[in-house]
């Protein structure tokens, strides 16, 4: 086990101690596993709370701050947080304007956030929830748990966060979040499995020279295993899969926000090379790209691989995307 | 009749078997899940054991409600709310009686499993814990041992199934050929119940 | 070979195409391998040029922009750039105020930048060079090529870049760069080797359960192999080694800038956990930390591991550290 | 006497042997370096072959100067400036003569190797290309074949050395027991020279 850890049992608490030490503008409750921006209640804004299993860093705690999340609740590695955490985060950020939960569509996340929402309502705290489900590798039907929430989470959190920062009311922030999710689709590829601290060995066997198409962000295998392909072909498959579904559902044919995301262990050198091919495919298909983000944002521990997320953005979404943000992992304009 | 002590023993036995089988449960959760089911339940049942030890509740219902709440507050993931709901709902059905009959427990568990189905939206055949739970609860009218065996068979029967709920459903056809981790742990839970009943009835 | 590439021969060119597509404010010459900030010559500032082998991304190209580098010249993977590239970069950023080369201390980098400096002088372009050599794992003696340049490069480029942005003259920018280097020390640890595209297999064999202490950033083994240690002990070794040498040479006993750097494949979750231990050791030793950076900044392809860099910073260095920076990989204040 | 064609053949032979041995050179550069020496020289000598083919220079000196410049402009790393300087300096020593004697070449190479020592600051025994170059040039007064053999022995002799220059020096004691990649490629270069001389002299 090649891990820079103290013990599998303490990874999440240790990481939270590290966040507390590195980011004085975050209020990190290591014991209760809640990361809150210090000025969360200062502006009388809508609170924006997200969370999920750990192992996807910088998502979500790295996106807590001005113009993005008010708080994050990290669960154990790949395990949704418990309702108590979520409720605590909601209480910590509520300034009377209500709280929006951004929930990635996984059974565990959905159930735990639902329970937290019920408890919050009981406490008289108005809560709305938005489900992120952007991963086209999973068919959204009665026969699955529905499309997974992956890269679009970043778009939703950034744009809803900008709206909340501007003082938009809860229903408006929720509506924007749903709009971003509806306009976004993702596709992921794994070149290796990942190793969770608790298990200590790779989550699946992937022989050298093969890859997994259509993976999520929890080290699960994809929909299909194939012989290794050059970056240019991977880009064609990924962008093709995303555009096929984006065409069906997106409201407009405007330009896109593009996230070319690393799964954790793919060097930035390779990720930029991959992005060159993503940009080429988009250009060939006549899809204008308004903004691009290349990097490790929604990761799967030490998995090698990448994902592509596209979001059709109108003027309003672009303006909110460009609005200032100041978090550990995403920062511009201030 | 079964008293609070019986239910505490059940939960303690469950914690013990989860501890023994945690690695296997995580192993089963690797090919079709995210490799955490064993550590999830280990964390949860360790907390249950501690909670029940700290302030032992006086009634069967209270034992299960506390166990369920503890699972909800410590497990996370899909199995936390689902198993938490199973025990909490079962406990609530048992009410405040100091002792409950096997028939009352059967009915309460039936309601608990129903609550799991409602919360998760799954049905038997979807390759989830419900495949073991539904089979196990159906056989409870015969005996606790028959229930444990039926749950075990229900868990094994998930191998050829195509998953329609939970993470395994993401894999489509590739989910076939693997036993569901949640169904496996559900069989362990009902196995622990049978063991505890055997011991109590032998005494 | 689990790589997201088109071919080993094209990785650097492909990555540059990707940078060009992702960052419209950079002028990327893919053919000649020079990345220049578009407004490099606009302000009449001293030019700041760095470069080195590729495989350390985001270093250096990810640090080109407002308040940091004027240009970067990426060589092949782990291979210093050729003098032609460096000369071209110098010419592209010179606005009459002269150019400072920031050179990591490796024989190849030193020789190629030296040749470029000679050619630049021949062309009448005033050039100064600063050597970065912060890695305490190597003894700086007649019997080695001298301490390697690693994490301190980021500190040097940021602080010299801020001074250049403010309009400081060449000798002043050079003096600051040398001051930062003199006040900085680093120590690196590998939990795995890395795989270069050209070789296609790990650069060294590291059995599970062992680690390498005192590694550089080129996939070379370290000074010593040890049985795997928990993060808390690794932090003690790394911080201890850095402080031992920092005590000797630093000008002051002020607070430090801390860089807790990932080698590429270590998840951010682990890196933050490691940082918790670094912060603990520093607190125990009474070293105040003024600013902290946790992330993958000076990498070694897909190596798992980390490094710690500390820089004793006085008021002036802190002010320049805090000055606005706007690059692909480091951004604040604007 | 050796004309420009002889020197072009040398460079072509060098390119061929580098192509053949590139993987081995990179392999040698793995345990004590950064695993790129083979690909570095392959890139460089492929460019040298192309440059010499595009506009074949007319004199021995011009061939080596062009080859050296091309290495400097295409290799990078430590070996680019070092080998580039070796060939460029050797070429400059040869001057503008259309043909040069073996003795003139020996002296020119001697100067070239001196330039490498000066640029890199290394001495024989430091476990670098100089260990092969210095041994090889010393034996040139005997024959090209003797020079190649001496260089080969010089390269082998780097195995037990503790490195004092280049990346291998970072390893301290751990650099012992590995053959230096640059010394190995230097022996290949002088081997290519011997092969070309053998062919020329046999004709």
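In this document, chain identifiers A, B, C and D correspond to the written order of the chains, with residue numbering beginning at 1 in each.
Everything below uses one rule, namely that a contact is a pair of C-beta atoms (placed from the backbone, for glycine too) under 8 Å apart; a residue touches a chain by one contact, two chains touch by 3 or more.
Computed from a predicted model, the values in this text were never measured in an experiment.
Averaged C-alpha coordinates give centres for chain B and chain C that are 53 Å from one another.
Taking the mean of the C-alpha atoms as each chain's centre, chain C and chain D sit 31 Å apart. Separating the CA-averaged centres of chain B and chain D is a span of 73 Å.
Of all residues in chain A, those that touch two or more other chains are 77.
Chain contacts in this assembly form an open path, with each chain touching only its neighbours along a single line.
Listed by label, the pairs of touching chains are A-B, A-C, C-D. Interface of chain A with chain C (complex): residues 1-7, 10-12, 14-23, 54-55, 57-58, 62, 77, 191-192, 206, 208-209, 211, 228, 230-232, 234, 260, 264-277, 279, 289, 292-294, 296, 299, 301-302, 304-306, 326, 331-334.
Within the complex formed with chain A, the chain B residues making contact are 26-27, 30-36, 38-40, 43, 72-82, 119-120, 162, 164-167, 169-172, 174.
Residues 8, 53, 75-84, 106-108, 111-112, 115, 137-139, 142-145, 148, 196, 198-199, 203-204, 216, 218-221, 223 of chain A are the ones touching chain B in the complex.
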